[in-house]
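Paired with chain B in one complex and with chain C in the other, chain A is shared by the two complexes that follow.
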Partner chain A sequence: MHIGTKPKNLIKKKVFIQEMNISTEISDRKMKQRLLKDKIFTNGMIFLAFLSGVPLFLILYQLAIKGYRQLNISFIFEEAPDTMEAMIAVANNEIIPGGIANGIVGTLIIVGLASLIAIPLGIICGTYLAENAKGKFAGLVRFIVDMLQGVPSIVLGVIGYIWIVKPVTSGFSALAGSVALSIMMLPSIVRSTEETLKMIPGTLKEAALSLGVPYHKVILKVILPTGISGILTGVILGISRIAGETAPLMLTALGSTVINTNITEPSSAVPLLVWEFYNDPNLVNMIWSASLFLLLLILGLNLSAKAIARKWKVQY
Partner chain B sequence: MNSEKIFKYLLVSSGVLMVLIALGIVATLFVGSIPSFKEFGFGFLFSTEWDPTEGRESYGALPFIIGTLLTSILALIITFPFAFSISLFLGEYFKDGALPSFLRSVVDLLAGIPSVVYGLWGFYALKPLVAELGLNAQGFGIFTSSVILAIMIIPYASSLGAEVISMVPGSLKEAAYSLGATRFEVVRNVIVPNAGSGIFAGYILALGRAIGETMAVTMLIGNSNNMPTGIFDLGNTMASLIANQFGEAEGLKYTALIEIGLILFVITGIVNYIGKLIMKKLSA
Partner chain C sequence: MPTEQKYKEKVVIKNPIEKIESPVLKIDDLSVSYGGDKYAIQNVSAGIAKNKITAIMGPSGCGKSTLLRAINRMHELYPNTHNKGGVYLGDENIYELNPIQLRRKIGMVFQRPNPFPTMSIYDNVIAGFNLNGIKLKRSEKDEIVERSLREVGLWDEVKDTLHNRGTFLSGGQQQRLCIARALAYTPDIILLDEPTSALDPIATSKIEDLLVKLKKDFTIVLVTHNMSQAARISDYSMFMYLGELVEYGKTKQMFTTPKDKRTEEYLTGKFG
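So, the complex of A and B:
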C-alpha cells in the first residue's frame, strides 16, 4: 500500500472529489442513486459481455442443424458433385451425393506446404530475436514481423499472384496459395518462438555453455526442446489461422473440381469449396456441412493448441 | 568452430529474409501500380469513378476508401460496448472461476471462426433480419457488413483491454474504495483513466483487422462501385473490390486493383503502427 502517494488521476477529477466527499449533508437519496447506478452498470456489463458470446452459439447451432445430414463417410472421401448431379438430387429430395475430398486434399497440400516454408523459417527467426534481444537489426526485424502480422490476407493473395501465379507456374496453382499463406502464418510462429525462448532462464544456457557445449548445440539440444510446447502452440495457432482463409486462395489456388496433387496446378481447398457452394444455387445445401467441417477442424486445432500450452508449460 | 559460425549466420540470415519479404511486398505493390499511377496520378485517390468500359476506362479509389473506413469505423462503434464489457468482466469484476474461463473460451473461439463462415451466417441469418427491419431493401449493405465485422473483432478489441485493466494498481482502486466510491465510480474514475490508452490501443488494432477483412464483407456489402450515400447504402471496401474483380482483371484495371491493394496495405500499416506505438509507450 502506498499511503503517502497521491493518485494524480483522482485529484484532477473535480467531479470525482464532489462525489467522493461523503458527508452528512449528502442525502440518503443521492446515496441510493449512486448505488442504483452501480447496480445498473454491473448488470448491464455482465449482460453485454455474455450477449457477445451468443453469435458463436447461433453459428454453431445453424451449422450443426443444417450440416449434419451431409456429414458422412462419403462426404470426406468423395469429390465435390457438379451442378447437374446436385440439381437432380435436390429435385428428388435426396441428399446431394459427393463430398469435399478435393477440398480436403487441397487444404492438406496447401497448408502443409505453407507450414513447410513457414515453420523452419519462423522458428529460426524467433530464435534469432530471442538471442539478440537488444540488437538494432533485431529491433528492425521485430518491427517488420509486427507489420507483417497486420497485412490484410487479400493483399497477400495479390502478392502470391504476382510472385508465383504469373512468373513461376504461369497459371493459378496450389504453390502460389502456399506462398501467400506461409507469409501469413510466419509472424505468429516467430513471435511465439521468441516469447517462449525469452521465458527460459539464462542459467540453463549458461550451465550448458559452461560444460563446453558449442553454442549451436545449446540452442538445438537445450533451449529449443525446453520451449517446444510454446513453439508448438504458436505453430498450431498459425495453422488454424490460415486453414480457414479464403480470400488469398481465390487469387492464387483458384479452385478445382477434382482431387489434384500437383502443386503447379490449380487446387481446391475447403474454404474455397464453401465459397463455390455459396455461389452455386444448386449446391447451396452443401455449404453447411462444408462449413461445419471447416469450423470443427479449426476449433479442434485451437483447442489442441490450448491444451498443449496448458499441459506442457515451460518447466525448469 | 566452423559450424558455430554457420549457425550464427543462419540465425541472422533468417532476419534478413524477413526484411527481404517485407521489402519485396512493398516493392511488388509499388511496381505493380506504376502504370495506374502514370495514368491517373494522385487523382486516383479522389476520383469516384470506376468504369471498366473499354475505350473510356477510368478508375478511382475514393468510393472504396470511404466504404472501407465507413464499415470498419462503424464496426468499431458497434463493438465498443460489448468489447468493453468483456474487458471489464475478465479484467476487473471476475478474474478467476468457471464463468470467466467459459467467457474467455467463447471469445477465443469467436476469433477462430473463418471469415467465410461469418459471411454465410451473416447472409442467411443477419441479412434477412436487416431487411425485415426495413433498414435496407434486401438487407445487403454497409450496415450489415459492419455488424458482422463488429462480431468478428470482439476478441481482438477485448483481449488487450482485459489485460491492461487487470494491471491497474490495486492501491489506486483501494484508495478510491476507502473514500466510499462505488464500484462503478472506481471503474469510471480510476480504471478508465489508468487503462484508457491500453484499451484504446486494442481498439486501434481491432480497427486494423476490420479494415483488411475480406470474405464476410464481400458476401454482405452488396458490391456496388458507386459512392455510398449513407450507412444503409450498398458499397464496396478495398478488400472486397479486389476479391471480386482481381480474378478476371487485365491491363489498366489490373494495375488499378494493385494500387488499391497498395493503398489498403498503407492504411492498415499506419493503423497498426499507431496501435503498436501506443502499446510501446504503455510498456515503457
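So, the complex of A and C:
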C-alpha cells in the first residue's frame, strides 16, 4: 500500500509546483555558493578530525623531550631515589640516580592480582549474560554492571580501605589495591565477553549439543574458544585501564620506597610514584620519565589488544 | 465411550504406523508446544523405517523442523517447550532418556554448515569423542577420521589438509564435514534439517548421492523444502500442514496418487 501511494504523491507535488509557477532551476551564483559551503564543511570536518588526533602526539612529545634523559637501564631496575641524593644530583647538573623499579614491581603485582580476581569472574558473568540474554535476573545483573562502570575510582579506593585495609590486612596493602582495581576492571570484561559471545551464531551451540556434548563443555570448549579474540581484547583493555589508576591506590596500597613483594604490605605503583615525585620538589624531573614509561606501557597494551583482535579472530 | 472411539479412528486413518514394518523409531501421538496452548505440531504418529530415507515436507511454519528436532530433543533449547505423547527408540521413550545420551544415538545435521571454527578438519570429525571426554588411541582416531571422511566422499579432497581449519572449505565440503562429524559417532539415526538449502546445485547433488549411499548403514530422516529432492532420494514421505501430519506413505505412491486433497494441492504447487 505504502509503496503504491508514494509516486502518486510525488506527481501531485510536481503538478502543484508547476501551478504555483515556482522555478526549480538553480542560478549559477547560488550553485557556486552551495559548492563553496560544501567545501568549507568537508574541510572543516577533516581539520577537526585531525585536531582530535593531535593531543596524543603533543603529550608524547612533551614527555619525551623532558623525560628522555632519565630513561636508562637503572631507571627500570633501581628503586626510587631519596630526596637528598636527588637534590645533590640536580645541584651538580647530573641526572637523578635510581629509578622506578619499586613502582614497576608494585604495578605488576597489584594489576596481576586484580586480573586474577576479575578475569574469571568477568568472563563467567559475561557468558551468563550472553546465554540468558532475555532473563530477568540477567537484565538486573547487566544493569548493575553498567552502573558499576560509572562508580568514581576514588570511591572504589574507599571501599578497598573499608573492606581490606582495616579488617583484613590491618594496614595499607597491595591486596587492598588489587581488590579496588579488580572491581574497576570487571565491567569492561563482562561487557566485552557478553558482546563477543552474542555474535557467535547459535548454530555452533546446536552443533555441539547435537553431538551429545554436555552444556558445560559446549561453553568451555566450543563457545569460549570461538570468542577468544574478543574476550582477550576486553581483558587487555581492562588491564590498560587500571594500570594507570592512581586514586584508588592512594587509599589502599599507599606507596612504598622499596620493592615489596608481600601483598599484605604497602606497595608502590608507577602512577603512585608520579604523584610522589610531584610532591617532592627535588624529584620533579622524575615525573616526566615515569609518566612517559606509564604512557608507553598503556599504549603498548592497547596496541596488543588491537593486534590480538585482528590476528586471533575466528572466522565462522 | 464414543469420544475415545472417535479418537482411535482418527489416529488409525491419519497415521498408519502399522504400514512400516519393524520401525526403528516410533513417534506416538506427539504434540509439541513452544509455550501456552498453541501447538507447533499436534498428535503426530508415525513409524520410521530402518535403513530408509524418510522425507518430511510441507510449507513454511508447518512444524516439520519442530518434528525433526523433537526426535532428538533439540527443540528443548527453546524455553517453555512442553510436549505430549512420546517417541520410542526401540523400547525406550526418548523423553525418559538423558538428552545427552539420546543425542549420541540420534545425530543431527543443520541447515547451514556449522563446523567448529576453532578446530581443524581432523578435530571436527573426532569432536564427538573429544568433547565428550572419550579417550582414544591415536591410531583409533586416525581410523575413525579416515573412515568417516571416506564415507562422505571428502577424504580425497582433504587428506593433505586435515590439520587446517574446517571453515576454509567450501560450503558443500563444510556440510559434508558436518555429516562426517555426525557419522563418526555411528548413531542409529541421522536427522538432517534442510541440509542443502544453503548450497549450490552441484554441492546439493553430491549430498543427495551421499545420503542415498549412506542409508545402507544408517536410518535417515530429512526435512526438505524441495519437493523434487524428496521425490529423488526418499523412500517414505510425510506431508505436514499446520502442525498436522496430513499424509505419510511411500514416496512414489504419494507423488503419483496422493490420498489427501491438501497433499495433492501442495505437490501440484497450488500453495506452499
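Throughout what follows, the second predicted complex is superposed on the first by the 280 of 316 C-alpha atoms of A that agree within 3 Å, B and C clash if a C-alpha of one lies under 4 Å from a C-alpha of the other, contacts with A are read in each partner's own complex, and residues count from 1 in each chain.
Please note the rule applied: contacts are C-beta pairs under 8 Å (C-beta built on N, C-alpha and C of every residue); 3 or more make two chains touch, one makes a residue touch a chain.
Computed from a predicted structure; not experimentally measured.
S.K.: Specify the outcome, clash or fit, for chain B and chain C once both structures are aligned onto chain A.
M.R.: Partners fit side by side after overlay.
S.K.: Which angle, to the nearest 10 degrees, do you get at the Cα centre of chain A between the Cα centres of chain B and chain C?
M.R.: Result: 110 degrees at the vertex chain A.
S.K.: Of the two partner chains, chain B (first) and chain C (second), which one does A:295 touch, if any: first, second, both, or neither?
M.R.: A:295: touches chain B, not chain C.
S.K.: In the superposed arrangement, which partner chain does A:201 touch: chain B (first), chain C (second), both, or neither?
M.R.: second
S.K.: Looking at the overlay, what does A:222 touch: chain B (first), chain C (second), both, or neither?
M.R.: Only chain C is touched by A:222; chain B is not.
S.K.: Identify which of chain B and chain C touches the larger number of residues of chain A.
M.R.: With both complexes superposed on chain A, more residues of chain A are touched by B.
S.K.: Using the superposition on chain A described above, determine whether A:210 touches chain B (first), chain C (second), both, or neither.
M.R.: In the superposition, A:210 touches chain C alone.
S.K.: Considering only touches as defined above, state whether A:251 meets chain B (first), chain C (second), both or neither.
M.R.: In the superposed model, A:251 contacts chain B only, not chain C.
S.K.: Does the superposition put A:63 against chain B (first), chain C (second), both, or neither?
M.R.: Once the two structures are laid over each other on A, A:63 reaches chain B alone.
S.K.: Thinking of the overlay built on chain A, is A:71 touched by chain B (first), by chain C (second), by both, or by neither?
M.R.: In the superposition, A:71 contacts neither chain B nor chain C.
S.K.: Which partner chains sit in contact with A:87 here, chain B, chain C, both or neither? Use first/second/both/neither.
M.R.: neither
S.K.: In the overlaid three-chain picture, find the nearest pair of C-alpha atoms across chain B and chain C and give that distance in Å.
M.R.: 9
S.K.: Do chain B and chain C touch any of the same residues on chain A, and if so, which?
M.R.: Shared contact residues on chain A: 214.
S.K.: Which chain C residues qualify as touching chain A in the complex?
M.R.: Contact set of chain C toward chain A: 72, 74, 77, 99-104, 107-108, 110-112, 114-118, 127-128, 131-133, 165, 167, 178, 181-182, 185.
S.K.: Which of the residues in chain A end up touching chain B in this complex?
M.R.: Answer in residue numbers: 1-2, 5, 7, 9-10, 13, 15-16, 19-20, 22, 34-35, 37-38, 41-42, 44-53, 55-56, 58-59, 62-63, 121, 124-125, 127-129, 131-132, 137-138, 140-141, 144-159, 161-163, 183, 186, 190, 214-216, 219, 240, 243-247, 250-251, 254, 271, 274-275, 278, 287, 291, 294-295, 298-299, 301-302, 306.
S.K.: Name, in rising order, each residue of chain A that touches chain C in their complex.
M.R.: Touch residues, chain A against chain C: 201, 203-214, 217-218, 221-222, 225-226, 228, 314-316.
S.K.: Once bound in the complex, which stretches of chain B touch chain A?
M.R.: Residues 3-4, 6-8, 10-12, 14-15, 17-19, 21-22, 24-25, 28-29, 32, 81-83, 85-86, 88-89, 93, 103, 106-110, 112-121, 123-125, 151, 154, 158, 171-172, 174-176, 179-185, 187, 189-190, 193-194, 205, 208, 211-215, 218-219, 239, 242-243, 246-247, 257-258, 261, 264-265, 268-269, 271-273, 276 of chain B touch chain A in their complex.
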